[in-house]
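One structure is given here, and the rest of the page talks about it.
Note that the chains take the letters A, B, C and D in the order they are written out, and that residue 1 is the start of every chain.
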Amino acid sequence: MRPALTDELIAAGRWMAAQGLLPATSGNLSARVDRAQVVVTTSGGDKGNLQPEDFLVVDIGIDGPPPSRASAETPLHLALYRRRPDIGAILHGHSIASTLTSQLLADGGRIVLSGYELEKAFAGVRTHEAAVEIPVFENSQDMAALAAEVSAGVAGAPALLLAGHGFYVWGESVADARRHVEALEFLLRCELEKARMRR
Amino acid sequence: MRPALTDELIAAGRWMAAQGLLPATSGNLSARVDRAQVVVTTSGGDKGNLQPEDFLVVDIGIDGPPPSRASAETPLHLALYRRRPDIGAILHGHSIASTLTSQLLADGGRIVLSGYELEKAFAGVRTHEAAVEIPVFENSQDMAALAAEVSAGVAGAPALLLAGHGFYVWGESVADARRHVEALEFLLRCELEKARMRR
Amino acid sequence: MRPALTDELIAAGRWMAAQGLLPATSGNLSARVDRAQVVVTTSGGDKGNLQPEDFLVVDIGIDGPPPSRASAETPLHLALYRRRPDIGAILHGHSIASTLTSQLLADGGRIVLSGYELEKAFAGVRTHEAAVEIPVFENSQDMAALAAEVSAGVAGAPALLLAGHGFYVWGESVADARRHVEALEFLLRCELEKARMRR
Amino acid sequence: MRPALTDELIAAGRWMAAQGLLPATSGNLSARVDRAQVVVTTSGGDKGNLQPEDFLVVDIGIDGPPPSRASAETPLHLALYRRRPDIGAILHGHSIASTLTSQLLADGGRIVLSGYELEKAFAGVRTHEAAVEIPVFENSQDMAALAAEVSAGVAGAPALLLAGHGFYVWGESVADARRHVEALEFLLRCELEKARMRR
């Protein structure tokens, strides 16, 4: 594994923590090492201050309980890597905007972002007139079931939300995933603010 | 007393102040030294920049006015340590979310947190389907009366709120208490935001 | 003049700027040197990065236009020092909470803060049951008229607001004034949030 | 070109990024070099960490597609420099307040700021009783059309908004433009908050 890859995840964790996106030791981060393996953060601990020993290399093909030190949410990461060969990195965090919009604004299992210039921060989006769909799934402690459900519903999306839980955001690289986190968080705050004003 | 214990409280104070949880020299921090004693911050001063001399060792058994330099709220800390042998550290701060939710959203003397993944940051909580109850008490300047009331009403809870005043949050260690503060503050902000949207 | 006095104001300016209370080169800071004189920031410039040459010593007795380099709002500072011999320092800043509460929530020319533990951060306040009255004045570009009006209406108050403009907060020392700024800003944010929820 | 000019833009980018005004590699910055040329940031990249090589010198007179490495929004900058010889620097960023106020509060194609002391931060404004008009334009991916429209509608204004996109703010110098950004963002947040409370 390239040391640069964990260095990028360590920096991403520091940045996410500074933005308040990894409260109370929540969240987990991963990146694809090669066709067969990913590196993923271990369970618990402060992801704002990750060390090289806070990562595990895991086989993408594992379709059952994760290795003992791995985050309980590892199966969700692996399912996404299997389903979407274009994904190179996944950043999972918790924010007030993603927690609330996923609980309150998911219409038909998705939040549609449209009319915002910042949509163009998502890879492949060329105009604010595009409709970027973010799928929203019910939260569950049954990781195998959740992984299967998520895997079936994320074709084409740059991110997903778990209701009352937080966001999973990905990209071809750690840098792309970071840019997507920043754009999604900005746009969900806009949506939450608009919902406030409608009520 | 282990120097490490005051070091942990000094770091917790710096972190809480940076989060805006100790405005205007408010708040106080403590940790259990052994079965008979706790260390607690002295009255006044900026808890974001604590020094070793800003702590007092106090007998847990004292059931009356605190020593002269001790914070006026010391009896509340002591009552909690006596009532709950599992408590190793207590962090008391003020935040806009805890001030307002305690005044506006306490239903039957408590705020119930449910449906949030971040509840799992509280020790012993395994699912977002759990209902975490945070007791809310009327504020009072009569510390002896308040300590008695609080002592009778905190069995099992990870924190309490004083209406219009702020939060008391605890844990087995200073690290646990910090994680609980971060989770509680996040969840109270979610609750406040939901209340805004309902009205 | 004690160099320590300008050092305290320089530190207060750095802190206020970091809190977003001195946007766009706004605000001004002063402290009483002795019975006859005060030191006050000069006009313009970034008060988050004050230098010793950014201060002027001005006679408290001047009851007309301020010296040429002095802030246009110097007459307001001087009127407060003349009216209230207990004032040792004045911090004037702009915040969204003080701008909006002064425009929207002033009832009978004042905002009354009550039921908050943090009221006790104001010198002389012993209980959350106290009613701390913050007078609110119409904004004006006529500094002489404004100074006269303000001078007549601030007996006993720890601060005043100018509608759509910002706050003037004082204390016996720079440290007291800082603590009062922090408490006032916190409490005005609470009041603004409550007003949001009522509407 | 004076190196000082890019240094000022680098510092402005660092400051804007720290304020959250350049999310997800958005935004672009420019300054007038002389009567014929401007310096402008290249496309993409994190404008919070600009390097000297992240700038291009471009002829103000170019009235077509920008040079290949230049930001796609360069034509908008150039149109403003041509239309307004008083403009020495332009800062373009995205914020939640400018995104939402431009979508929700533009009345007759403009937002009028009045009754705020902080209006005086805009060059030439002497009183809070002034009405500062900020023109708001529909967003477009057709830069040539947008540049023409904007050019026809910004006489006298210190800034413009693009609906759902963000702000363009200018001044005679980089320092003036920064002060204008800070004042505009503050005042748009006030307007957004007032709109919330009205609904």
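The rule we apply is simple: contacts are C-beta pairs under 8 Å (C-beta built on N, C-alpha and C of every residue); 3 or more make two chains touch, one makes a residue touch a chain.
Just so it is clear, the model here is predicted, and its values are computed rather than measured.
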Here chain B maps onto chain C under a C-alpha rotation whose angle in degrees, rounded to the nearest 5, is 90
For the copies chain C and chain D, the interface residues, called same if over half of the numbers are used by both and different if under half, are different
Between chain C and chain D, the Cα-mean centres are separated in Å by 32
In whole angstrom, the CA-centroid distance of chain A from chain C equals 45
Residues of chain D that touch two or more other chains sit at 196, 199
Listed in rising order, the residues of chain A that touch chain D in the complex are 115-118, 121, 126-129, 179-180, 182-183, 186, 189-190, 193-194, 196-199
Interface with chain A, chain D side, in the complex: residues 23-26, 94, 96, 99-100, 103-104, 139, 141, 162, 164-166, 192, 195-196, 199
